[in-house]
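For clarity, chains are labelled A, B, C, D, E, F, G and H in written order, and residue numbers in each chain start from 1.
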Amino acid sequence: MTDALTDLLDAVARGAISPSHAADRVRALSAPPVEDLGFARIDHDRARRQGFPEVVFGEGKTADHIVAIAEGIVTRGHPLLATRVTPSVWNAISPRLRNARYWPEARVVTCAGANPVPPGSGVIAVVAAGTSDLPVAEEAAVSAEAMGNAVERIYDVGVAGLHRLLAEHERLRAARVVIVVAGMEGALPSVVGGLVAAPVVAVPTSVGYGASFGGLAALLAMLNSCASGVAVMNIDNGFGAAAHAS
Amino acid sequence: MTDALTDLLDAVARGAISPSHAADRVRALSAPPVEDLGFARIDHDRARRQGFPEVVFGEGKTADHIVAIAEGIVTRGHPLLATRVTPSVWNAISPRLRNARYWPEARVVTCAGANPVPPGSGVIAVVAAGTSDLPVAEEAAVSAEAMGNAVERIYDVGVAGLHRLLAEHERLRAARVVIVVAGMEGALPSVVGGLVAAPVVAVPTSVGYGASFGGLAALLAMLNSCASGVAVMNIDNGFGAAAHAS
Amino acid sequence: MTDALTDLLDAVARGAISPSHAADRVRALSAPPVEDLGFARIDHDRARRQGFPEVVFGEGKTADHIVAIAEGIVTRGHPLLATRVTPSVWNAISPRLRNARYWPEARVVTCAGANPVPPGSGVIAVVAAGTSDLPVAEEAAVSAEAMGNAVERIYDVGVAGLHRLLAEHERLRAARVVIVVAGMEGALPSVVGGLVAAPVVAVPTSVGYGASFGGLAALLAMLNSCASGVAVMNIDNGFGAAAHAS
Amino acid sequence: MTDALTDLLDAVARGAISPSHAADRVRALSAPPVEDLGFARIDHDRARRQGFPEVVFGEGKTADHIVAIAEGIVTRGHPLLATRVTPSVWNAISPRLRNARYWPEARVVTCAGANPVPPGSGVIAVVAAGTSDLPVAEEAAVSAEAMGNAVERIYDVGVAGLHRLLAEHERLRAARVVIVVAGMEGALPSVVGGLVAAPVVAVPTSVGYGASFGGLAALLAMLNSCASGVAVMNIDNGFGAAAHAS
Amino acid sequence: MTDALTDLLDAVARGAISPSHAADRVRALSAPPVEDLGFARIDHDRARRQGFPEVVFGEGKTADHIVAIAEGIVTRGHPLLATRVTPSVWNAISPRLRNARYWPEARVVTCAGANPVPPGSGVIAVVAAGTSDLPVAEEAAVSAEAMGNAVERIYDVGVAGLHRLLAEHERLRAARVVIVVAGMEGALPSVVGGLVAAPVVAVPTSVGYGASFGGLAALLAMLNSCASGVAVMNIDNGFGAAAHAS
Amino acid sequence: MTDALTDLLDAVARGAISPSHAADRVRALSAPPVEDLGFARIDHDRARRQGFPEVVFGEGKTADHIVAIAEGIVTRGHPLLATRVTPSVWNAISPRLRNARYWPEARVVTCAGANPVPPGSGVIAVVAAGTSDLPVAEEAAVSAEAMGNAVERIYDVGVAGLHRLLAEHERLRAARVVIVVAGMEGALPSVVGGLVAAPVVAVPTSVGYGASFGGLAALLAMLNSCASGVAVMNIDNGFGAAAHAS
Amino acid sequence: MTDALTDLLDAVARGAISPSHAADRVRALSAPPVEDLGFARIDHDRARRQGFPEVVFGEGKTADHIVAIAEGIVTRGHPLLATRVTPSVWNAISPRLRNARYWPEARVVTCAGANPVPPGSGVIAVVAAGTSDLPVAEEAAVSAEAMGNAVERIYDVGVAGLHRLLAEHERLRAARVVIVVAGMEGALPSVVGGLVAAPVVAVPTSVGYGASFGGLAALLAMLNSCASGVAVMNIDNGFGAAAHAS
Amino acid sequence: MTDALTDLLDAVARGAISPSHAADRVRALSAPPVEDLGFARIDHDRARRQGFPEVVFGEGKTADHIVAIAEGIVTRGHPLLATRVTPSVWNAISPRLRNARYWPEARVVTCAGANPVPPGSGVIAVVAAGTSDLPVAEEAAVSAEAMGNAVERIYDVGVAGLHRLLAEHERLRAARVVIVVAGMEGALPSVVGGLVAAPVVAVPTSVGYGASFGGLAALLAMLNSCASGVAVMNIDNGFGAAAHAS
């Protein structure tokens, strides 16, 4: 903003623009490029500020709202990433988002933008403890790919059958970041964290029974990991892990 | 009781004892041999009923009370096992319990009884995740030994350095029961449970920081273990694990 | 592994096999016999490692997935044990698993394998507090039987009518292990634990109202049992109790 | 109030007192006899309204405050009952409350009033699970006696040694109300509730370890009692149980 | 039991019956009159032991089970009380329980027995804070009436409009016991407890929103009541309050 | 009440009315104008006591009950405000409440009364973090308007895009009270509280995922706000915020 | 800021100041007057922004830090308000803050500033349930006075003795805002909220025993108040209530 | 390991080493270099596996233990990092660790190793909300520096005074990773997360009062952050954030 401001004030000094006009411009320089849809404000500035445009969180939104926001993003050339989109909502929106693609296990919709996403460096490994954790793991994997990253999927390697995990040791070691998705007792991130030097992002899932309390047991276990360097996302938040890792 | 009762009634039929006397005896047969110390009732029948005499839980008891109960047990020839005995309480009671021995790390007092304890079958392995878990692990190990078991100690084998645990694989496999003591994220029982066929008894410890909530995180993780056959004791309850395993 | 390794190296020394071939074999010796179905990895090694093959946890799995895993297990001669199978899923899979049997109250599917299960020693008693606890108790009982154990069922003996429990005293005493299933206040394991010398495995159930919080009240009560030697499973985890007891 | 009011208005009608004076009296009739000590307001009306005068809850109060309130009560002829009085506070106040008596285990101070307390009907049984529960049980027993009741103490009859409780069956049956005090898993009220027809008042204590969470486990167990008619007091609230039973 | 036993032994002494026969009789004398329906054991002894026969808790039971248990109770002349009976279950059972009556708001079924219930002494007041609390209050009121008590209903007198409660002061004062049913902040028992000398039984309801957590807020408030003598039932447990008060 | 009382007593003194009649009148003066509908008691005095008549909380009430209460309020000239009214309930009641209006997003029904509501002073700003928080925000806004206030809506200004909030700085500063509605991490009230001098009323919403626990995370965050002067309402309680602000 | 900005740009247009100088001034206009002490940044702008200068939260701060911050505030003519100041800290700082005054019960330090605080309108009533709640109530009362308000203290009027509260009805009615401080079951705000039209600010205190959980019971009760318009502060946060009310 | 293994087997094939000797070597290749101190096992392999040697967690360890472990690390040329070291422990160990340095605010001990740590890329910003959060922030900052990173400290920029944070906008934007440390409501990571493109690692602190529950409020808020890409560490775990960021 500094340069634009100095240029503007030079113009005022030269008499090229009037002071009152310049005052408007000063205010405009700091006004964010927010598009107001009535029911929501799209933050088009986010791509510049944060490296990726606003992501549509589909849960609780109507198909009309998702389409309107998605069109607002796509028409500016940004790539589209929408999470928590149910099949029925996808059926409603797919005719109106021609180039979009649906990933049913991940419940994610993606659409490449006119402006290419800069490629990420290195590989992100997405590790899942059991088959019930796959929807969250896939949300992480597809989101990470949409943000331009190469992804390695390593699934069904829970700690009660350790040889399955050890057999994948080399793929784990090769990753720049490791996302570990697990429910029940949430022990996998600690074990993975002890095997690799890369940062580990742990995602507890709501998979579990009895005293798992909707993922709370796994969440607490991950927060208390005895492996240093394990950071934790909210329960079932696969997308957030991808955003952090990306 | 059946035989004693039939004998008694035969004697009544023979006129050997009077009916009113017999009625007293019938009642006596079912009266438990409980010794009333005023402040407590010692259950001397427990050795017969449960295989080991009453155990003194030292926490919150005065030295005088512990000595009185301990003497009540020892004078009947039972072995003594007292847990949660602090060093200062031990100093107060050691002159009065001549043959007793104190295990400071376990905070346990033991004393062999006149009646030998029948030896257990097989080995009990006591596994601890970290050095901070040792007091609880030692309470389990010393208690199991006092109950007549052979014990293998396998300590400091937390999941963040998996090779330490795998190096002890054979000792683990050889055990009849495995007691696993861990705090923080409580992941060790799941990993051990996947390696052995023996039943696993998990003991969460109150070791941890921040969101461990005094062992709650480890407790929940152990209850939700993805390894089948892991049973859980109360937080820090090393003695209970020994009693269950024994 | 040691003997196989030495034999292999002898063969290399003799020139019987080439070094590069031997290197492959060394690696193969430690590779686990895991069968990858795409959506899951069956751990066929578990029967050797843990005494019983992998058990199918049916909750959240489709009928197709359960059939595929079940066939993978049965075709190797292993016995089948699948838990949390609803009647509608059973209807879908029964035509494809010819020799399997469904236990509706336990929601369990079993199928004897070509390889007989070695018989367990002694009797496992399964005790239930009330009629609402029966599904969990039956899951424990049927699972224990599938693992080769003799089982005694002692049901509807809650602590508010103590004479019902005391009347079963002799059957309780005769058991090698006692599994106690209870909801609401979870008091039954403490009472049973005071009556028998055998280890007690307590299973809290989600049966209860108001402040039972889905079985939490019973879970906490069991963890705090004043009877020593009571170990606790996750809420409603009847199968886990059977695996531990077995 | 109705009669007093009618009398007053008759007097107004007769001209015996002026309307403005009568208005004052009407207001005075509904003014409560509250004595304001500056730091507290003693409610002298409570004896009439509730059958027993205000009770001094000693926790957190200074010796001076307790003495002042106690004197305010005693000087009106009411009996004194003060709970949660530590020995050091008792030492400070005993010279100033000549006829008072201290019950150290119950931490209670009592003093008979000039006006005798009407005797209660029937016996209140106070049952305690273990020796650690005695302070709370004694608070209940001494308070109940101060309120004019006959009390039977039945202590150290926890459920893990059932024969101790069954041996006291007749004393339990004879009581009009049974107060049951227990910590840890809080199972005793359910067992007692199944043995007697009298109402049961359960008092959880903060006695316990690990996952007892300061009495929460016992509290939840008691609230979920499968014996009908068990009502529950706050943790460690022995006095409250006595007040309810009285 | 004492007299019956002495008579029996006299008969043995006289040779009137053989010792082995007498041994059977001794055992029979202590056998409880429990009727085993296969899926449940009806405790017919409870009426003698506890003053009212077993009550059918209808939640989670099938219509067939309820009918079978109800018939077992009615055919012995006991009065029937079944709680938590939904209208659809009632429709299924009403043709088979001819003299029974359904209380829809209370969700209770009653049926007078051949043996009359002894009348209770005094009046039980049932007080409810709001209209949403009525189902629980009615469960308490109808249950208390079925147990032979006179009941006064005082409804919709929540603390935010205190004059409604104060207007009912005299009916409150006249009661022998007061049951107070309230959800949300659960303040009503404290206010009632300050107005009456009778014991107060508080029933928290699951009525509430946001941070009421299914009645937990009301439950905690009632346990912490500053009015002495307030005892608390489980959330929504109107029947339990009636049983305690009765 | 004082003046009316004095007048009355003057009349008694003058013999204008009899003492017994006057006694009735004294009682009537303090009797609240409560209308008893059988299932509820309408508190018509609330408008005088609290500035606005009783508000109908529609959740859990039948259409018939809402109509009956609403008619009771409207026929006395009071304004109607009913919250938590679902569209289906509105369809049932709209033909019977002719002048009422339904606000679907807020789920509120309003109806002007014959007696005008006195206008509030100043503007109430209602700020919402995201589009999912709008139902609660609208409940607050519509309720505040019904109580006679001018309202400024400032929506979709969550803290992750701070420029959207800063752009509304002047409207925020101009408000007399600011109601801030937010779910998820509940950070918005702290940020707003740091920008304005007016009191802030924070309303946590149940919007959130994973470890938001139905609004608990937002509730705790708001209670712990580092901005002084932030007071908190129950989760989703938009109406309560309006009542407090009004 | 608008006028200052326009003036500045006029000056640039006139050539009165150079563009680069003007750019500095534009930046300065938005720079906050924050004083950096090294260990803290004093926000001197807060008085302008929020009506009262920064308040010193004394808990956890050293005497040196408190004095340094206090001097920074006082030397600019602002009034001083420091909360949670223990007597020992006060002893350390009193010689260095000459005109300051200490309120021991409230644990508050105040010092009038050179710039007078504008007087608040109307009276703030501070109501406390019991004597144990006085420290929090006094923190609220003294803070409110320091902010220029008239305060009425109404103490020891808990709901178990309702007449004490009703006797203060008129003082309550006269207040512009009512702050209600209560521990234990937290019922007082609901009762007060039903008596007055003014907004009620409820402050739960950590006073309580057993299941009060450090004020959680009172906090939940207040959040669930059935009286509309009750807003809640954090536990023990008397100052916050004063800031909100002020 | 592959190359070393092939070389070894070539040597066996050549007869250069015997098969039995080679078998020892194969085993040695996979044996971890763990040093057993009796009370602990130092994992010297971690530097190779994870990029930084084992870190000493000082809490709960004696000075002797810390010195022994520290010497074990330093004598192999590794850098030393010990956290949670109190001043009194430092006084005991400083004479024996000659080149070590103590950071009192961070409670960290560091000592450069003979082997230099490879420098990290880019800058890690450590942001703290308030002065009470500094110990945790300093633990993060000093740890990150010990691991070879450049660190920018940005302290006392809590959200209630937003201008303080906005003034540091450019330093924030320049960081490769941002660690945000905050207690109380934990709102700062969401605001920072909306300003920067770099990944944000949030550390809740146990700073807070009343309903902060030892940092739980901040923890939940951070897990529910509306800014995508915020990962969370355990409460007060500054070191873990540094390890993750590094």
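In this section, a contact is a pair of C-beta atoms (placed from the backbone, for glycine too) under 8 Å apart; a residue touches a chain by one contact, two chains touch by 3 or more.
The structure displayed is predicted, hence computed values, not measured ones.
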Note: of the two pairs C-H and F-H, more contacts are counted for F-H
Among C-E, A-H or F-G, the pair whose interface repeats that of E-F, with over half of its contact pairs matching by residue number, is C-E
Whole-Å distance, C-alpha centre of chain B to that of chain H, is 39
Chain A to chain D, mean C-alpha position gap in Å, rounds to 60
Chain D and chain E have mean C-alpha positions lying a whole-number Å distance apart equal to 26
Rounded to the nearest Å, the gap separating the Cα centres of chain E and chain G is 51
Expected list for chain A, residues touching two or more other chains, is 161, 194-195, 209-212, 216, 219, 223-225, 228, 234-235
Full set of chain pairs in contact is A-B, A-C, A-F, A-G, A-H, B-C, B-D, B-E, B-H, C-D, C-E, C-H, D-E, D-F, D-G, E-F, E-G, F-G, F-H, G-H
Chain F partner, complex, touching residues on chain E are 131-132, 134, 156-157, 161, 163-164, 167, 207, 209-212
So, in the complex, the side of chain F touching chain G is made of residues 49-51, 55, 194-197, 199-201, 219, 223-225, 228-235, 239-241, 243-246
Contacts from chain H onto chain C in the complex sit at residues 2, 5-6, 9-10, 12-13, 15, 18-20, 22-23, 26
In their shared complex, chain H is touched by residues of chain F numbered 129-130, 158-162, 184-187, 190-191, 193-195, 208-213, 216-218, 220-228
In their shared complex, chain D is touched by residues of chain B numbered 30-32, 34, 39-41, 43, 45-46, 59-61, 65, 204, 206, 215-216, 219, 234-237
